[in-house]
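For reference, the structures are reproduced in the following blocks.
What follows is a pair of complexes built around chain A, which joins chain B in one and chain C in the other.
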Partner chain A sequence: MSLAEPAALPVATSAAPRLDVLKRLTTRFKASLPAYLLLLPSLLFLVLFTYGAMGRVFVDALYQRATPKAPVRFVGLDNIGAVLADPAFTGAVINNLIYAVGTAVPSIALALLFALALSRTHAVSTALRAALFLPVLIPMVAASALFMFIFLPNVGLLDYYIGRLLPVLPNWLGDPDIALYAIMVITIWKNAGYYMLFFLAGLQAVPEDVMEAAHLDGAGPYMRLRHIILPELKPTFLFVTVIAILNAVTQVDHVFVMTQGGPSNSTNLVLFYIYQQAVEHYDIGKASAATLLTLAALMSLTALSFRTMANREGGA
Partner chain B sequence: MTLFNRVFRDSPLATRGEITPKLGFALTVLLAIVWLIPFLWMVVATLRPASDGINAMAELMPSLKPTLDNVKDAWEIGDFPRYTINTTIICAGILLVQFVTITLAGFAFARLNFVGKTLIFYLFLMQLMLVPVLLIVPNLSLVAQLGLYDTLTGVMMPFFASAFGTFLMRQAFEAIPTELEDAALIDGASLLQRIRHIYVPLSMPSFSAFAIISVTSHWNDFLWPLMVINSPDKRPLTVGLSVFTKTAEGTQAWGTIAAGTLMVIAPLLVTFLIFQKRFISSFVTSGIK
Partner chain C sequence: MLFSRRLTLGLAIAGTMAGALAFPALAGEGPAEIDLFFPVPVDGKLARDMGTLIKEFNETHPDVKATAVYTGSYDDTLIKTRAAIKAGKPPSAVIMSANFLLDMQIENELTNLDALIKADGTTKEQFLGQFFPALQGNAVINRSVYGVPFHNSTPLLYINADKAKEAGLDPTKPPQTWAELTDWAKKLTKREGDKVTQWGIAIPCAYDYCGWMMETLTMSNGGRYYNEEFGGEVYYDTPSMLGALTWWNDLVYKHKVHAPGATPGPAVSTSFISGNAAMMMLSTGSLTYVRDNAKFNYKVAFIPRNVRNAVPIGGASLIIPAGLEADKQKAAWTLIKWMTSPEKSGWWSRATGYFAPNMAAYKTPDMVDFLNKNPDAKTAVEQLDVAKPWFATYKTVPVRKNLEDEVMLVLNGKKQPKEALAAAQKAADETLKPYNAETSLKLP
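For the complex of A and B:
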């Protein structure tokens, strides 16, 4: 049997290799047909609104209209150049970087604190978790409406209770040096409870017996955190950081409601810039070029984080 | 101190004397109170009569003469019933179509073998990273070309396919023993019948988890409906609230703004307080979204 096989194989394949491959492909394709039909509805919308949209961004970024009614004309990389040369765009990028770091770091640190404090389940910690999670549920627009009053000069909540202690009352949303930090507060308030959930889930993976052993060896709370808990939470950190950065780019509704990018562009973020170009200036070319740059940045970020995760897993 | 002892009752005996975890807990309690202040202000300000004046607006102590005037004003100025209906239509419409698309696609990935499975799987996976909100410009022009500008269908359409939901359903379907399907196969059930009568009923927890994530996120969507919707009577709650806030801000009617905000978030908050455990576990799975 084992001797006969090698002899039989070449004969069988040389007889009609092309036809055979073609036939095999058709039968395999026929067998796949039900799956394709099931996937069709999803693929249709993915093609229209995700992949097709990316293609259109790519093409639109290469064209320009002189006036909103003029015919489009091919301009190559001019739109990209124009966006990069636009101080409003570079300003928005810098603001967005400050905003990303200034929201991601505090909200992740707070989330870790909350998770560590509330990792044991009992009535008190469940109630506290719910309280910290409430802001996650509400629309950013609603949060903005509440914080608009909190930051209101003189009569607002902040000035009423804390502002009295300061020598000069700052205009939280009206001062270009402060406004960006004021809107960061909203984001931290809204997202810390969300990230807390991931740390709570991550803490479940910390082995109880290792903690106990460390404790018996005389490791205090800080040592246990530093040498057992934090290493165990590394994947959670990476994952939450990516989400926090994505949120910093995409979750900008409060800029629309509260500041409109002002005062003097100090709270202008990238997505708001894109919106302004498209809706207020009807400049689809520039809006698409800015979208393209942002997409490229975000995709390389995710690719990078996936690679670090893959490397980590490969090394472990 | 008795509270502390009770909270730390089930921690290992030897660690109960440690002070750092208690400090951390105390700080968390303090911050949780701070976290609730905006909500507290919203409720107190909603019930505060306008006669208290603007200077008492920030007072967190409830007014002694509570009134529902602010709610009435917001209800009349804001057209909130219409906004609520629109948001409900949008969320329900998206969810219903998503249920169909994610069930079919989830089943294909879980149980069928086909040419190009890996490639198509990656096509889905990539959608998780391409944040749809960034594609507002090209999607707006597509919606306009389809003649759906200023329609609720236009608001819903980009969300009809969900990679997150597909993965969730794939996971749920893979956990269902194939013996059940084989039995139905012997009885002559067709593919769609098997999905409908075996896979779907056994995956209800995953459907409800997905429904929570989908409805919360589309209830809160703002930028996309803001761009698609033009007529005031088609605005969803978020867009309506932002317009309402802008108008009321001019007249310094903060009590009315608080009342309007309360009306917008109350449905979600009440649902959350009832199904708290479900919400929390759903949001943990939503991380991969």
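For the complex of A and C:
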């Protein structure tokens, strides 16, 4: 757009109105053509691998076959209805909600705590920051493999130490009451260090002079935290919350590696449900419909939060 | 000036990209190029062994150029094969989990191998006759051959012989019935107050393994688990399965000799290796792992019976996906026959720990030597006499999960066997409904 502006302006002053609009459009287009051409390669790949795939999901969600040998036929919104009526999907959504809240809140709280404790830079805090950030660098699949050994019933690291204190050793991943929480611990362990980075950056932005003024006015550490630091960190909170919730839906490698949604579907999350429909049930229609529902939920969540963010910045 | 230069540059880039996308490398003349998709269900060393095998094949067959493509687990291999078929570029051969064949045949994704067998001048009976009879059930569908057994397994009872002696039991006379096994497990369980420090027995239950163990227990209790002749029926709510699940439940909650909860296979083998469990039921595929890692004397035995000795097979078959050109199909068939020949079959068995499906493999000198050195590998082969096919139905995996989810609830003390099996049967019937609608319930 900016490329077009200087070329279009002189024309507008001399020509007739109707011609003017047409001409302006052609000139604009001509002026921005190279830009579009330069964008074309990346657009091509976006269409091929992102929009194309999304479009395909959208189309697939509208088709279904009644029996294995029957031809695929158009069913409209039936697949979406079938997904919503499936108790396994509702179960996965509930699990995912517990998982999202249960991982986002503790990992954000821990991240804030770490950031506050390590906000001043010196040798010790740098080392500690690195240590806390380390889990982020370990791929989720590798981390899951490690935790499988930690969680091994009877002989694992956890049972070896905690086992002495408990009368009955819990089967961390094999008990439907505990498995989801065991999975959540891994997510918190892995993400807290990552979110800490955002809070550290946010803390840098807290104005020094305000803090100093508060100090002179006799505000204690708690007062400064409550009335200056936390309000200043609000945009960071919002951003990290969105990221944490997106992660809760999309980063579920450990479910694939450790439990496959079990035992008895107790760790089945929405993404894994989609995988099950597509692969195990070989029901592309239902899998696509569930994908669309998830996509819609995530997109509206993101749009909502970014609008809130934009409003806040506009108002400030 | 600037404009036109930009334009030319843009066009050039766009053109190159479009060209690269539109025209993939054209196939040249020469040997038939084929892909073999292979999973590695146990450990990483297998990928190297497969490389060695395919290299040897290519050196001895100048008219075919085979490439081995590693495709992850059994489940991943099914996904990737289906994706490739959908994209119109099926691989020429795939090592496929033996109980996925029926489902793929129902979906018209397999090449019927009868014509290829006939073209070789052999009959179906002669061709199948090379393999252990127990393996044929998963390779033949509607009296046509769809798969060639490649590597297979059965469940075994593993016993820590040192602990057995310690408890006054004779490891050379392993338990043969459920009653004896229960007795052994009681004697092998050690307690400190209420706390168990050593479990008598461990049986794995995670998705996939759990269904296989339920089939094992049900078959040794006289049952069938599923209809071998027809993919639309499973027998979950039956006395034979009720007995099997009740016994498993009793081991956990009545005799308290088996840890509660669902325990995956690797956890069971680790528990056995560390001495935390004195006995376990696990696949023959774990034999190499136990042999390499156990720091005590161990013994393997048949799965004990309640009604009869019977176990299911596991493992994988070689298949040719549907929709291949004739020359690729022929090249794939050459590869498959070579890979399942007695020598190669035996070599793969020694490298992996699976048993060789080709009976003649056990007559080769290398194999005779190996069995003399490792008599435990012999037990697995002997048990094949009583082995039966692996469950395979329409939508095998969801139907299996319908049962597994309920078994897991029982092992966690949340449901009683009877109600769990009734629920499993109901869920499975629902999953099988579309298939029955167009087969058994489609009436004139």
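Details
We adopt the following convention: the second predicted complex is superposed on the first by the 286 of 316 C-alpha atoms of A that agree within 3 Å, B and C clash if a C-alpha of one lies under 4 Å from a C-alpha of the other, contacts with A are read in each partner's own complex, and residues count from 1 in each chain.
FYI, contacts are C-beta pairs under 8 Å (C-beta built on N, C-alpha and C of every residue); 3 or more make two chains touch, one makes a residue touch a chain.
All of these numbers come straight from a predicted model, not from anything done at the bench.
Under the clash rule set out above, the superposition-derived model of chain A with chain B and chain C contains a clash between the two partners. By the touch criterion stated above, A:Leu22 is placed in contact with neither chain B nor chain C.
Contacts of A:Pro41 after superposition: both chain B and chain C are touched. A count of residues in chain A touched by chain B and by chain C gives the higher number to B.
By the touch criterion defined above, A:Ile150 lies against chain B but remains apart from chain C after alignment on the C-alpha atoms of chain A. Of the two partner chains, chain B is the only one that A:Leu134 touches; chain C does not reach it. Contacts of A:Arg120 after superposition on the shared chain: chain B is touched, whereas chain C is not.
Once the two complexes are laid over each other on the shared chain, residue contacts for A:Ser264 go to chain C alone; chain B is not touched. Judged by the touch definition given at the top, the superposed model places A:Val279 against both chain B and chain C.
By the touch criterion defined above, A:Ala205 lies against neither chain B nor chain C after alignment on the C-alpha atoms of chain A. Across the two superposed structures, the residue set of chain A contacted by chain B and also by chain C is 34, 36, 38, 41, 44, 48, 148-149, 152, 155, 279.
Across the complex, chain C meets chain A through its residues 3, 6-7, 9-11, 13-14, 17-18, 21, 75, 78-79, 82, 103, 106-107, 194-195, 199, 205-207, 259-264, 266-267, 270-271, 274, 276-277, 394-395, 397-398, 401, 404-406, 408-409, 411-412, 414, 434-435, 437-438.
On the chain A side of its complex with chain C, the touching residues are 30, 33-34, 36-38, 40-41, 44, 48, 66-70, 148-149, 152-155, 167-169, 171, 173-177, 259-265, 276, 279-282. Partner chain A is touched in their complex by these residues of chain B: 3, 6-7, 9-12, 14-15, 18, 20-21, 24-25, 27-29, 31-32, 35-39, 41-42, 45, 54-55, 57-60, 100-102, 104-105, 107-108, 112-117, 120, 123-124, 126-127, 129-142, 157-158, 160-163, 166, 191, 216, 219-223, 226-227, 237-239, 241-242, 245-246, 249, 254, 257-258, 260-261, 264-265, 268-269, 272-273, 276, 279-280, 283-284, 287. Those residues of chain A that touch chain B in the shared complex are 25, 28-29, 31-32, 34-36, 38-39, 41-46, 48-54, 56-57, 60, 110, 113-114, 116-118, 120, 122, 124-126, 128-150, 152, 155-157, 159-161, 189, 193-194, 197-198, 201, 212, 215-216, 220-222, 239, 243, 246, 249-250, 252-253, 256-257, 271, 274-275, 278-279, 284, 287-288, 291, 294-295, 298-299, 302.
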